[in-house]
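Heads up, the thing below is written out as structure tokens.
Which chain is which? They are A, B, C and D, in the order written, and residues in each are numbered from 1.
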Amino acid sequence: MIEMQDVWKEYPTGTRALNGISVNIGKSEFVYVVGPSGAGKSTFIKLMYREERPTKGHIFINGFNIERLKNRKVPLLRRSIGVVFQDFKLLPNLTAAENIAFAQEVIGISQRHIKRRVKEVLEWVGLSHKTDVLPSRLSGGEQQRIAVARALVNNPTVIIADEPTGNLDPETSWGIMKLFQRINDRGTTIVMATHNKDIVNTMRKRVIAIEHGQIVRDEVKGTYGYED
Amino acid sequence: MIEMQDVWKEYPTGTRALNGISVNIGKSEFVYVVGPSGAGKSTFIKLMYREERPTKGHIFINGFNIERLKNRKVPLLRRSIGVVFQDFKLLPNLTAAENIAFAQEVIGISQRHIKRRVKEVLEWVGLSHKTDVLPSRLSGGEQQRIAVARALVNNPTVIIADEPTGNLDPETSWGIMKLFQRINDRGTTIVMATHNKDIVNTMRKRVIAIEHGQIVRDEVKGTYGYED
Amino acid sequence: MRIRILRHFREGFKNLIRNGWMTFASLSAVGITLLILGVTLVIAMNAQQMSNYITGQLQVNVFYKMTATPSQEKQTIAEIEAMPGVKSVQFVSKQQEFKDLQKSIGSQYNDVLSGLSANNTLPDKLIVKAVDPRKTVALGESIAKLPQVDKVQDGSDIANKLFRFLDVVRNIGLAFVIGLVITAMFLISNTIKITIFSRRREIEIMRLVGATNWFIRWPFLTEGILIGAIGAAIPFAAIFFAYRAAYTKVGGAFMSIAFPLMPIGSIGSKLALVLFGLGLFIGIWGGIMSVRKFLKV
Amino acid sequence: MRIRILRHFREGFKNLIRNGWMTFASLSAVGITLLILGVTLVIAMNAQQMSNYITGQLQVNVFYKMTATPSQEKQTIAEIEAMPGVKSVQFVSKQQEFKDLQKSIGSQYNDVLSGLSANNTLPDKLIVKAVDPRKTVALGESIAKLPQVDKVQDGSDIANKLFRFLDVVRNIGLAFVIGLVITAMFLISNTIKITIFSRRREIEIMRLVGATNWFIRWPFLTEGILIGAIGAAIPFAAIFFAYRAAYTKVGGAFMSIAFPLMPIGSIGSKLALVLFGLGLFIGIWGGIMSVRKFLKV
């Protein structure tokens, strides 16, 4: 499903965000990516949907060879992945529902189907009452949940989430986690960068720990680690 | 220091974010504001530095009567408060150091003093190595720490922070919390909205819990509550 | 596919409404530029007509020798008509010429000349026009060499001055129009680029959620088409009606001076072609250009 | 305070560099508009001069009765000179007039008129000019009523036609210039507003960290001043040098037609005044306007 072989990433500024990452994530796995601030978690994740390209190394996602992937084909890759961005990336001129619908329009689904599906995912994240609100008029946590809903709406085979509970209270966070668990149970691969120790330690999954751009720990049913 | 009397806030969209809030926060208090997503925490905080104005009720901050405050005088209010915004609000065209320096230039401090002070606060948040980097090239947690540094730089009498650890790993979060504690010990009032149960339950302070726009709990040395 | 196109037009239209302010800016840039261009065009077309009119007046006056017999005169006419580049040869008898002279000198000198009518000492005359009015002078020179021709008055000094003057005017006008077109394109591309610049983040997000380039481009394109069409229609209507009003109102003033205004009919279609053609071109070009930069997936 | 102003100029300049693309857009909008305006201005000034020149040629030809004695003629001159609005009265004797007539008819008719020189039947003539050339016709009418005056040729038909023509031309020109100025202001304000629109978030953030309105406004203002100054300097230099070159090169062509170009000296200072004045005004106004909307603390 997701395979990285000796991947390096140096930003044009000279920052070495990733220094030789090799990892293999199989179908319907559920993986936490943990690590201190600035360790390279987001960079690791951005490589998967080709927002960033590696300086060196090979990456295979959902059967796409990222290295060889033509620009024209990138949308196909992205449609097979649902991404929750760390900074949400909602379209500011579209309402909550329209933002979610956009991801469906992109793949050519008919308006009628879209309407039904959008309603459904909005219920999942508990925001049915915010359907027609612009992102700038939502609270931080509400924006984050819209971002989660958009990532789910197309039933992607892989969901990549960058700190999807960063702006959520514990209760709402658990709601989202249960949603992820349900989706994962149906066979969807989930990769999730997180700082939430509680969640990692309670809902035990594979844990990949990144520090200074390198994988320092990779445990099946791991813990958050990093004792304070 | 901070006083609200029966404050209501209805957004133009019709959303009632606050429904009758009365609260009193004294000098050098340290207060956590907790509550579920969309409860009204950010709105509560935005009223303090007059980003939003109440629909009804009286607010007094640092001796300013928010109701009567002339537009011209608003900058004075804001200078006496250091704010960490939930979405950081860094100036995109200024580097990390320039963003912090801007808050100092605004109050007319000389370049020489600014330089020294900016260096100092960057060390506090552990980002001396990112001095000349633009916000878009910082990780989520790094941006958040720059926002914290900017809030501290002018030695304000009140610091208001909206989820200042939302994008930080536990270790870095604790670093920021210790920083807040140190500043609080020197007599600075701190109001902090947070979802971090660990922190609230470990570093015991006054806890104000907001739900549906109302204060449902106000405890000295309280806990996060909300059992899952 | 049909549904797709419909969606894109709907989205393009929605964008027009949503970005109210930006739309207004682009639209006004297109509209105003086309207005200036249209006005310049109308003036240029009239100026062209005026210049044609003036050059059409140029002629060579050929005076026969007093001794020329009618048959010799006929032969000379044939010789001139055989010359290359001759458009017309018109014979003016001495009687006719006398009347013309009388008229041109002015009524107050009537008495002066009346004594002359009896013993008309004027020569017969030919009026020759060249196909290319600029060759009038050269033509005059060849005619002067014919045996029966006494004098040739080719107005060479006037013609030369006039042509030099018209050249200068035309060059200035041409420079002005070219400058305007470049300016127009430039200002509009500026406006569009700025408009898009502010939507850069949006385009980036669209790409990140898997939209193809064409899916992103289409609404911008339909938006551009709408802006181009509306931005051409408004100045066209303005010029059309203003010109029609001006034509009926001041047309007379021009007419009496010597230069008739062109009728709106012959100007309207050319104007529409240029304005709508350019408007749509600019709109579509702007729509494509504007996203291009941000579509490097 | 002094340090503050310095800071603001430094910041304004930094912004110019930082917003490279936006700066270029604003600058080019200002520059191009001022260029068009400047060119129009130069043309207008020359046209004005041309029109003055033409109207300066207007005159009334007054023909005495054949019976008028020299003393009566003198008295008539005095009477005309006493009329209000008369600029000059010039006496043309019948001998002089005959020579003028001969010249104006053309050399080929010399023989025709030579017989007349002995018994000159032409009347003496006066050439009268009005202070205001537009009053020429009215003046001619009053002169015609004087006893010793036989005929008056005031060129009223030519004059009327000319004035009507000039009126039309002037009105079109005026409409064009006014349209251009409005267009200019409009396009520039558009550009600036869009530029600022994209900085709205920045301004909002500045306000949130306690910047006063003036603190925010100043860099925009200094930026505007710089854009205005540079945006005026470039078209001014372009027009100045182009005009100087044109003056020396094609000036002659105009001169020989009848309408001399104005020298660069007398145009340059007016042009500088208008361009820099307008440039700075637009820049400062744009700078203030642009932030105003977002400064409702």
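The working rule: contacts are C-beta pairs under 8 Å (C-beta built on N, C-alpha and C of every residue); 3 or more make two chains touch, one makes a residue touch a chain.
Predicted model, so just to flag it, every value in this text is computed and none were measured.
Novice: Both chain B and chain D are touched by which chains?
Specialist: Both chain B and chain D are touched by no common chain, going by the contact rule given at the top.
Novice: Farthest chain from chain A, comparing Cα centres?
Specialist: For chain A, the chain whose C-alpha mean is farthest off is D.
Novice: Need the CA-centroid distance for the pair chain B / chain C, whole Å please.
Specialist: Chain B and chain C have C-alpha centres separated by 68 Å.
Novice: How big is the gap, in whole Å, between where the Cα atoms of chain A centre and where those of chain B centre?
Specialist: That gives a centre separation of 28 Å.
Novice: I'd like the Å distance between the centres of chain A and chain C, where a centre is the mean of that chain's Cα atoms.
Specialist: 63
Novice: Provide the C-alpha centroid distance between chain C and chain D, rounded to the nearest whole angstrom.
Specialist: Their C-alpha centroids are separated by 24 Å.
Novice: In chain D, what residues contact two or more other chains?
Specialist: Residue numbers touching two or more other chains: none in chain D.
Novice: Residues touching two or more other chains, restricted to chain A: which are they?
Specialist: Nothing qualifies.
Novice: Residue numbers of chain C touching chain A in their complex, please.
Specialist: Touch list, chain C to chain A: 3-4, 7, 18-19, 201-202, 204-213, 215, 296-297.
Novice: So in the complex, which bits of chain B are touching chain D?
Specialist: Interface residues on the chain B side: 49, 51, 71-72, 74-79, 83, 85, 89-93, 102-103, 105-108, 110, 150.
Novice: What does chain A use to touch chain B in their complex?
Specialist: So the residues of chain A touching chain B come out as 11, 13, 15, 34-38, 41-42, 86-87, 133, 137-142, 145, 162-163, 166-174, 195, 197-198, 224, 226, 228.
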